[in-house]
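Two complexes follow with chain A in common, the first pairing it with chain B and the second with chain C.
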Partner chain A sequence: MLPRLSFECLHGCSGCEMALLDCGEQLLGLLDRVEIVHFPLLMDHKYHNPLSGASDEEGEIILPEAEIGLVSGGVANVEQLQVARALRAQCRTLISLGTCATHGGIPALRNQWTSEETLQTVFAYGSPEKALLPSEVPALLDRVYSVDEQVAVDVALPGCPPRPEMMLEVIEALLRRESPDLAHKSVCETCPVIRKGKGQGQGTMQRFLANADYDPEEPVEQMRCLLEQGLLCMGPVTAGGCGGRETPLCIRARVPCRGCYGPVRPGGNQLLDMMNGLASNGIDYRSLVDRKSLLRFSGGHGLLKPARKRKESN
Partner chain B sequence: MSREAKIIAFCCNWCSYAAADLAGISRLQYPGSIRIIRVMCSGMVHPEMVIHALDKGADGVMIIGCHLGECHYIRGNEMALARAEVIADTLEDLGYESERFRIAWVSSAEPERLAEAFREMSARLASLRETDASPSGIGE
Partner chain C sequence: MPKSQVVSIHPVTRIEGQARVDIHLDESGRVSDARVAISALRGFEQFVVGRPAEEIPRIVSRICGICPWMHHLAAVKAVDGCFGAVPPPTGQLLRELCQVIAHIHDKILHFFFLAAPDFVLGPDGDYSVRNIMGLVRQEPELAARVARMRQLGQAMLARFAGKSIHPVAGVAGGFSKPMLETERRELAADALVLLDFASFALDYAKRSVFSRFREELQSLGAITTGFLGAVDAQGNLQLYDGLLRLMRPDGSWVDFPASDYERHLAEQVEPWSYAKMVYAKSWGEGFSLNPAAPMGVYRVNTLARLNVCGQIATPRAQAELEDFRAQFGRPAQGTLLYHWARLIELVYACERTVELLADERITDPLVRTPAEPKAGRGIGHVEAPRGTLIHDYSTDDNGCITRANLIVGTTHNIAPMNLSVRQAAASLICDGEVSESILNRIEMAIRAYDP
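Right after this comes the complex of A and B.
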């Protein structure tokens, strides 16, 4: 029997699945050696067991058994939690695919507010009425969780989306019963730009409103480090791997890294690490506008939370 | 609400830890809920260590080093000061009150100053807890 793969998409944009389909011919080579048993984005498959007699709305979620499960997106409502648990129960190895699944991702930006505040802002802004979800819609959890906060995950594969080749490599490694080889260093590790060292940058940070200073005729190796040019590049505090062993993707486009692979170490805090890095190099970190958005990809794990209510002193 | 505020104090080996030692020998009184962690230099305390302490349930965190200009490692405490500004600003972003963190400078011959810093921090956290306990939205 072929090894079975099971895919599930929770609180994400399904871009990770698109990236997997983007593998091209390599994907066809993989399809001959595995059986995909569950992939709601590609094939019709019911979540409920028709034989159990339960109605579709209330029935227990039942997923097929699989050797490898891949889950993208975070966990933000009760239904997603139910699906995540069902997937965990049925898969021998579970891979969290993409930054939403590994660190909360973009949806976790809403962890800065309570769920009630979010509903109010989105559905009833400026209205005195209280925004309520219809009862047919699954209730929201108190915040957006990464998958590993809710169920045990064996392999974390971040990225927005993860590099298609990397996804295949990980699946292939698991099929060979080896542990996959993932990047453990920062984006700067494979970045070839010119760095002149500590204290050589500008004293302030500016927003990326004008292009970086570079000659389009010359290769990226001739460009000065974007951070040293005074642009906020998240490279030093972001896990590498987006460009494989070659130049990171955003740097290829001469754009500063946005931090989409999440922190370098599990449990790291991109905001704190970046601010610490800037301050200990003598850069005025207060010149950063909206620094909270440095956690734009990794607001899960309780890193972003609503500000505590406090009494005004005056 | 009678529980004393738990405070983690990172003390540098050369000045403030020696001051804490002297405070003990001199039998100076300060709140018993202070947990001192000796580090070689205040400059080695990464902001993540402070956040980690708060995440794990500490009410407040202090970093205490040598007076500026008197660092055993020449510039370690200047590094600590740069990091302290970052911590104070970032705590609010991460959902903590900035009052929960404090940096102080104490030389090894100033145990009274250290005890005073401990007492002051403890009092500050106690008043913070009082405002927490009061219903929100009712300001003075």
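Right after this comes the complex of A and C.
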């Protein structure tokens, strides 16, 4: 029997799944050696048998057994929680795929507000009746959780999206019953730009309103470090690997890193680490307009919370 | 109350988003109602508030991992509006280039990976093989070519702009890097390969797919609605910029700039879906999903764009549009014709890519005008694969977001999708008899919209 794979996308955007498809023919080679038993984006296995006659209202979500489960997206409503539990129960090895699943990702920015505030903002808008909220939909949880906050996860593979080759390597390693090799290096450790150890920013950070200083005819190795140019770059506190052994992807576009792989060590805190890093280089953290955004991708695990007293109106 | 029954399709599969369908049957087994409900809400309109506007294009891209470029670019245009930034001509050209290249992988994905299994392997086939994996086994050469071509479109974006999924190169005031002549030459060669494939894909679909489903193309999920899409001042199809054209079911239309969207469109909340529904306010008839007399309902996405445009400015796509109109008229209403229109747009996107890469201004080094944060309002519009996409932001004196309204492509199509599903369910289900094959045909009506 072929090893079985089961895929789910919870509170995410399907970008991880697109990255998997970016493996192209290599992916087709893998598909030949496995059986995919559940993958809503690509195949028609359902949570319930609609023809069983049983009412779906309180229906349990039933997923098939699989050797490897891959789950992208965080957990943000009661239905996603049900699916996460069902998937965990049926998969021998569960991989959290992408930064939403490993750290909450962009959707966990919602954690700076209560779910009531979010619903009010979204639905008061464009609707003349202020408080008309959808009621017959899966209720929001109090906040956006990473998958490991809700169920046990065996392998965490961050990235927004994860590098396609890395996803294949991890799956292939698990198929060989080996543990995948996940290095914990920072973005800076894989970045070839020129670093002199001293910034040009006069102790402040600039907003990214004009392009970095570089010669487009020259390779990226000839460009001065963006952080040293005075642009906020999350490279020092972010897990590397987006560019494989080559230049990190955002740096190739000559724009600074925003931290999409989450912290270098799984339990790290990108906000604290970055503030410390800036302070030790004599940079005034008050020159950052939106400090909470240092947790742009890693606001799960209770790191982003609603402000206790919100002075400004929403 | 008489005893009734609800049959649920949960989740709807081979679509991009998360949705379920609930079909309500009355005591005599007739369809009394059918709903497509969007079951997730992420709240982007909330959590962009307070953040520096120039950062938003790198946040809202995460609305959709399949069409991140469209959100990225609608956002940079909206931020330009807030800050009063005017990108240099080459900044605009590079943005448009990325926009049309990003349409290519999406259309290949949708037609071949998501929708084609219903047509090539048959709508009644076993669910475990009626998918791309089944297609790989039945037509390995076709599947390999499809996978390679989709990957090539993505690789072109990654090579030039760093990231293809969740892009970063669109910036307030323009683009983050210019294009070198060597890059231009390599991309132009790849674009020709994709154009060849696009022509093949449309021929293949017309010959081997659409010809076998003539009846369904016109009848499955068929409804009569208006349409919305973008055109330039001459009425040519546009994907990156242009005027919005709102067409009534009778084919008459008005053109307006996207910044006037609130005068023409309005949103309505329904208790059973997290997605708001948009309707044509300016028709003055209100909004109704009554299947016998829907009101205010229009459609977006490929079929809509081909219906509203006068013509297409590239030769191969224009020839295909003429053939399409000769067969189905204007506006064409058949729901599964979305697929046909999608492949015509694939040809256009490839032709436009070739054209932009031949424009000598594309390698000009001046790609960005520095932006100045300030209070303002900006409304950015692009045509996403799933339809007209509008980002509307307001900023404070510090250039941080105070308010955001996003109307994404799928939102416009929620109302018509509901009508199509109801039509399909009512015409396929008699006496309460439901089968796996009937339910899949109902899902085919949804898949046409590529929600």
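Convention: the second predicted complex is superposed on the first by the 287 of 314 C-alpha atoms of A that agree within 3 Å, B and C clash if a C-alpha of one lies under 4 Å from a C-alpha of the other, contacts with A are read in each partner's own complex, and residues count from 1 in each chain.
Going forward, a contact is a pair of C-beta atoms (placed from the backbone, for glycine too) under 8 Å apart; a residue touches a chain by one contact, two chains touch by 3 or more.
What you see is a predicted model; the values in this text were computed from it and never measured.
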**Asked** Will chain C clash with chain B on chain A after the two structures are superposed, or do they fit?
**Response** fit
**Message:** In the overlaid three-chain picture, which partner chain does A:Gly302 touch, first (chain B) or second (chain C), both, or neither?
**Reply:** first
**Asked** So, A:Gly230: does it touch chain B (first), chain C (second), both, or neither?
**Response** neither
**Partner chain in contact with A:Pro180 - chain B first, chain C second, else both or neither** = neither
**Request:** Mind working out whether A:Tyr47 is in touch with chain B, chain C, both or neither, as first, second, both or neither?
**Result:** second
**Request:** Quick one: the Cα-centre angle at chain A between chain B and chain C, nearest 10 degrees, please.
**Result:** 140
**Request:** Figure out whether A:Pro134 sits in contact with chain B (first) or chain C (second), or with both, or with neither.
**Result:** second
**Request:** Considering only the touch criterion stated at the top, classify A:Gly244 as touching first (chain B), second (chain C), both, or neither.
**Result:** neither
**Asked** Who contacts more of chain A, chain B or chain C?
**Response** C
**Request:** Report, in whole Å, the shortest distance between any C-alpha atom of chain B and any C-alpha atom of chain C after the two complexes are superposed.
**Result:** 13
**Request:** Report, in rising order, the residues of chain A that make contact with chain B in one complex and with chain C in the other.
**Result:** 312
**Complete:** Per the touch rule, the chain A residues reaching chain C in their complex are 9, 11-19, 21-25, 27-28, 31-32, 36, 40-48, 50-51, 55-57, 76-77, 79-80, 105-107, 109-110, 112-113, 117-119, 121-123, 125-127, 132-138, 140, 160-161, 207-211, 216-217, 249-255, 258, 260, 289-290, 293, 296, 312, 314
**Contacting residues of chain C [partner chain A, same complex]** = 6-11, 13-16, 18, 22, 37, 39-43, 45-47, 49-52, 54-55, 58-59, 62-66, 68, 109, 113-114, 127-128, 130-133, 136, 143-144, 147-148, 150-151, 154-155, 158, 161-169, 171-173, 176-178, 180, 266-274, 276, 365, 367-368, 370-373, 398-400, 405, 434-436, 439-440, 443
**Fill in**
In the complex, chain B touches chain A at residues 46-48, 51, 55, 79, 82-83, 85-86, 89-90, 92-97, 131-132, 134, 136-140
**Residues on chain A engaged by chain B in the complex (per definition of touch)** = 268-269, 271-273, 275-276, 278-280, 282, 285-286, 291-292, 302-312
